[in-house]
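Dropping the structures in below, format is structure tokens.
Same chain, two partners: subunit A is paired with subunit B first, then with subunit C.
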Partner chain A sequence: MIEKRYRVAYMFLLPTLVYLFGFQIYPLFENIRLSFTNLSLLGGQESRFIGWQNYRYFLFADEKFWLIFRNTLLWVFGSVLWQFALGIPSALVLNRKFRSRGLWRGLILVPWVMPVVVVSIIWKWIFDGQWGILNFVLREFHLLARNVIWLGNPRTVWFCLLLASAWKGFPYVTIMMLAGLQGIEKEVYEAAKVDGAAGFALFRYITLPLLQPAIFVSGLVAIVTTWTKFELIWSLTEGGPGNATSTLATYIYSNSFVFYEMGKGASLAVLSTIVVLFISFFYIRALRRSNV
Partner chain B sequence: MEEGECMRIFRSLRTQYLYLFLIMAFTLFPFFWLVFNSFKPSREIFSARPTLYVKNPTLENYRWALGPKGANLGRYLLNSILAAGLTSLLTIVFATTGGYALGRFAFWGREGIGVFLVLSQMFQGPLIMIPWYKMASAMGIINTRLVLVLIYGTATIPTCVWLMSGFYHGVPKDLEEAAMIDGCSHFGAFWRIVLPLVVPGIIATGLYSFIIAWNDYQYALILTSSDFAKTVQVGLAELMGFFGKTSWGGIMASGVLTSLPVIVLFVVIQRYLIEGLTSGAVKS
Partner chain C sequence: MKKTHDVLWFIALFLVLAVTSIVWAEEKTTIRFVYCGTSEPEKAWSAEYKKDLEKRYPHISIEYIYIPWAEQEKKIAIMTQAGDYPDLIQVQDVTTLSAMGVLEPLDAYIDSPNSRVKRTDFYPAAFDYSIINGVLYSVPAHMTAYGLIVNKEMLAQAGFGLEDLKTWDDLLKVAEKVTHDEVYAYGYAAGLPRFAWRDAMIAGYSNGVLIADTSPESRSKYIEVLKWYEKLRPYIPPAAVTWSYPDMFRAFCQEQVAMIAAGSFFTANVYAIDPGIVPKSRAIVYPKGPSAERPSAMVANAGWAILKGSKAKDVAWFVIEDLSERDNLAREAAVVGLPARRDITIDEFADLAGIYYPDIKDANRQLIEDWLSIVSNYGVPQAKILRQSEMEVKFQEKMYELLTGTLDAEGFYERIVKDIEEIRKK
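The block that comes next holds the complex of A and B.
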């Protein structure tokens, strides 16, 4: 009887597994194979095996690669840091008792469900160098003498990009932190209050340590998903001005689908995967250590 | 003494609402700004002193967005509706079956498959794009809505199997056992007894995958280029490239039209979605 029930379980799982192996795991390995070829849509020649050539090119010959690598770290950790810097306080506030709290909790997710392209329309218009409201407000308060072309200047473009990314991503962190906060027993706070803790000390010594598991898990999810996201950067700046906001993800895209050098793009994808696996590995190890 | 206590509570309430206001303003202002501007005539949009209200509201921008003289978004909206609708049907089929196995049975390898589902959410976008482009070209399905549905499945199925397994977990086991004693086959019990009980979950996963597919930009960008298959996201991004300096009002109206469906759907499934997302995170 038990074995028969197992068979039923495998039968029900089979379609999902076949689908994911065929359409997700196979492409992943095919991508590794392609990274050792000179596959290109230009020139019309058959692609052939060229060994480590693509990898050697990016790691040792390409002058842009390391700048783009640094940009990727800035993009991922900048986005995630801001998302938590905004998400944790928002969760603390929304965890209080309010009139129509459910409504506010739902509304806070609006940026998160918005399509990326619309998000970039919104922020492009806010940051617009001539008509944007950001310039207007800063000028009104005499913080700016002249209009700034926010997205066209390598020194201001990162601020804009990370702000847009934080806006889109912080609601997810807020909801995760709210779930974490609901798991904290009221008695813990009352005991701490009896011991004389209040205000920030309450947050620092009670809330934060108890939130830590939720922070770690959603932090990992945020890092990994931001690592492979290129849509927001692409639709806001296309990696520009110059290569100022190019990341590994936009570089994979532009190599493969703007210049049609797909073998090169594939090798970048492999390098990118290796780095994100490394980061996750060390992240999880650090997490295990801190728990012991 | 009592008066002082009252004042303290009043003040803390006031700061609490102040914080709430700040958070909601940051969250919603950019969106409202989009909506306001979509109703402004271009004289008010390109103004040296932008206003927080609309002086002369107009539908001109929406006519531009949908009309043949402007963006002609209708066709792209239709493509998106078809691609996203079919994705949610596909996802429902896989999530109702896979989720049942995961939520109901303690079989060998269950944990491994759970980890596999979480990991497969990592391998998305640029990491599988190039082989997909090659595969789709080889099979002759590039530039079709079909290829979009197939690739969206890789993004929606892992999450939705998780979501559904949670819903099956809530169905009492005795029900299907009773049905099987009464002579139902296992599949019959699943089909007639269990499935009707998880209809809310089916609706939630269906709408969730609709949103994911609707919002996709990256896959549609590489896999579709003809008007026959191009989704509204790709169309919208191209509009920004073509008319980004002149027709901001029309572009913002198009943006509102593009985000409206997901916001409406989101309001419908909000409660289930938040529950499913957070419980999934706690589990893993």
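The block that comes next holds the complex of A and C.
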């Protein structure tokens, strides 16, 4: 029996527990169960247990899986690196004192709070091969003789996708870095200056090491959120041409909700979860080893 | 005593009201209706129809669930898996939904002596599209015919008329003359699997081959279709490999392409971009390929179906009968397509379409005539292909390579045969 004095506390916990069980734990286990079946919404056959068959198919027989897996790594790590490449300098700038700093700190959040679909439309307008703003500007300045099909060329499509993703995600990194920067005592910089450090040396030996906790935490969050980010690629290229820009997230969607192969889609989702768990595990281990 | 008396009276009154409300509720049936037309004219039509029906039949009420076409199958799959069955649904290709087992067969309803709708009311090509393995799953409302839409002014400037487009070779001759600077002859929405496949379906029909048919007998005709796209490549804008339908229509409206393979929904699609393109446009049957004796045009339909799990099937059928009444059907079809019923005259239909497209009434009438002539002379029901969306992805992937010059027709064929056969085995 629950002790009387804890009853109210458990009652407050109940809604969260019900939510977690109903919308997190149960779907997770149901997804794992489905991944061992051949459930297809087409064909009218009852689903049956088929063991590891779906997993074997993707890992050893599907000619696209490893290309898509490689695309996913490129998408996730490329996006995160770009987000940091933009986010850290932005945070350094916004940490300085200048006029209307509060306004700029607010404005920098605009891409982050903008709906993904809107972001996708904007970037589609920029990169469009026929009417795109980028081609227009480059041609106006005589830097291009003919339009470039940015989203239809394997050599440029990933650059465009990563740029769009970085633009959408970098404000989050900026805010996290800004919080980290504000936690660094001024005395540390003053002491370093007394020792002769200046300019880039201050950044390299003071700012960056002291920002490490914020970098690690926001890096992990950025990896996990980008791993599951699906709408941006889907809106810009639908994972195409063919599967050239498909990631595991778009491949799960295609298998489940375009081809209606629910068993296969579920097994892909499990594989995707396992990979992201592995990455997180090694990331956290590295974080602990570095005593951050 | 008085208090007890009052309480008893109150309970009695409450029971009477409760029973009355149940009876009224039972009398009035609410039909949950999945409607996929999300453009403003379509929404206006749906609201108008609901108002009209509820006025004529006070015991029926319609509750619309608006789902865009692109989302329809996915949403229905999820809803029905969760046991949530709407009553009525607007459908196009019924292959996937019937394979999911969520549609009610309608043969018993339409063949009933009391039915207000008869099979013979409709154009055969449009009606047959609703039948899968001999079972009728929907009643057509409007039909969609596919063909080649031509900017006649651009053709005239190059020294050609519509009558010069009879064969693929003719089309190539025209394409050569029309293409210059950054103006191209042929627009192709090759950026999305659905449209990359559809264009090839249209061309395939005009060469006597279905592009899902990978049998050895069809091999040469199939490769001819692929070679056709190889030949067309210089006349297709390079950006077309990323295009979807709106991009293709925009390029056509801006006269950056002179011809597109599309359907009778053309007016509805270009009207918002530039109505001025309609008077310059004509629809003709897609020119015939080298292996066809005569061209063919695929014809599909959009219509109404009943969900198997509906608890008000008879009322849903009653609404379908009402929707299929001559006047109601003509009004719905006038928004977006061609009437699926044969007894609606061109004059009457063009007038109704004029309500939605007032400033291009005459030009649109010409297009309606073109499309109806295509249906009558060349129309065949569009093939219904199970797991088509999976085939489309494989097809588009290779079409991209073909259009960018990294794959030839023979290589394309060898790979697509393997892919389609694998999909078929499922």
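What we mean here is this: the second predicted complex is superposed on the first by the 282 of 292 C-alpha atoms of A that agree within 3 Å, B and C clash if a C-alpha of one lies under 4 Å from a C-alpha of the other, contacts with A are read in each partner's own complex, and residues count from 1 in each chain.
We adopt the following convention: a residue touches a chain if its C-beta (ideal position, glycine included) is under 8 Å from a C-beta of that chain, and two chains touch if they have at least 3 such contacts.
The model shown is predicted, which means the values in this text are computed figures rather than measured ones.
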Using the superposition on subunit A, decide if subunit B and subunit C clash or fit. clash
Regarding the shared-chain residue A:5, is it in contact with subunit B (first), subunit C (second), both, or neither? first
Is A:221 touching anything from subunit B or subunit C once the two structures are fitted on A? First, second, both or neither. first
Contact-wise, after the overlay, does A:283 reach subunit B, subunit C, both or neither (first, second, both, neither)? neither
Please work out whether A:65 is in contact with subunit B alone, subunit C alone, both, or neither, and reply first, second, both or neither. neither
Partner chain in contact with A:171 - subunit B first, subunit C second, else both or neither: first
Let me test your reading of the model: by the given contact rule, A:258 touches which partner, first (subunit B), second (subunit C), both or neither? second
Which partner chains sit in contact with A:230 here, subunit B, subunit C, both or neither? Use first/second/both/neither. first
A:240 in the overlay: touching subunit B, subunit C, both, or neither? Say first, second, both or neither. second
Subunit A residues in contact: does subunit B have more, or subunit C? B
Looking at A:158 after the superposition, I want to know if it touches subunit B, subunit C, both of them or none. Which is it: first, second, both, neither? neither
Determine, for the stretches 61-69, 115-123 or 277-285 of subunit C, which one clashes with subunit B when the structures are superposed. 61-69
Pick out the shared contact residues on subunit A: the ones touching subunit B in one complex and subunit C in the other. 131, 257
Touching subunit A in the complex: which residues of subunit C? 74, 77, 81, 96, 99-101, 182, 191-193, 237-239, 241-243, 247, 250-251, 256, 386-387, 389-390, 393-394, 396-398, 400, 404, 426
Of all residues in subunit A, which touch subunit C in the complex? 40-44, 128-131, 147, 149, 151-152, 237-238, 240-244, 254, 257-261
Touch list for subunit A against partner subunit B, complex: 5-6, 8-13, 15-17, 19-20, 23-28, 30-31, 34, 39, 86, 89-90, 93-94, 96, 98, 104-111, 113-118, 120-126, 131, 133, 136, 167, 171, 175-176, 178-179, 183, 214, 217-218, 221, 224-225, 228-231, 234-235, 248-249, 252-253, 256-257, 262, 265-266, 269, 272-273, 276
Show me the residue ranges of subunit B that touch subunit A in the complex, using the header's touch definition. 16-17, 19-20, 23-24, 26-28, 30-31, 33-34, 37, 45-47, 49-50, 93-95, 97-98, 100-102, 104-105, 107-108, 110, 113, 116-117, 120-135, 150-151, 153-154, 157-158, 161, 186, 190, 211, 214-215, 217-218, 221-222, 233, 236-237, 240, 244, 248, 251-252, 255, 258-259, 262-263, 266-267, 270, 274, 277-279, 281-282, 284
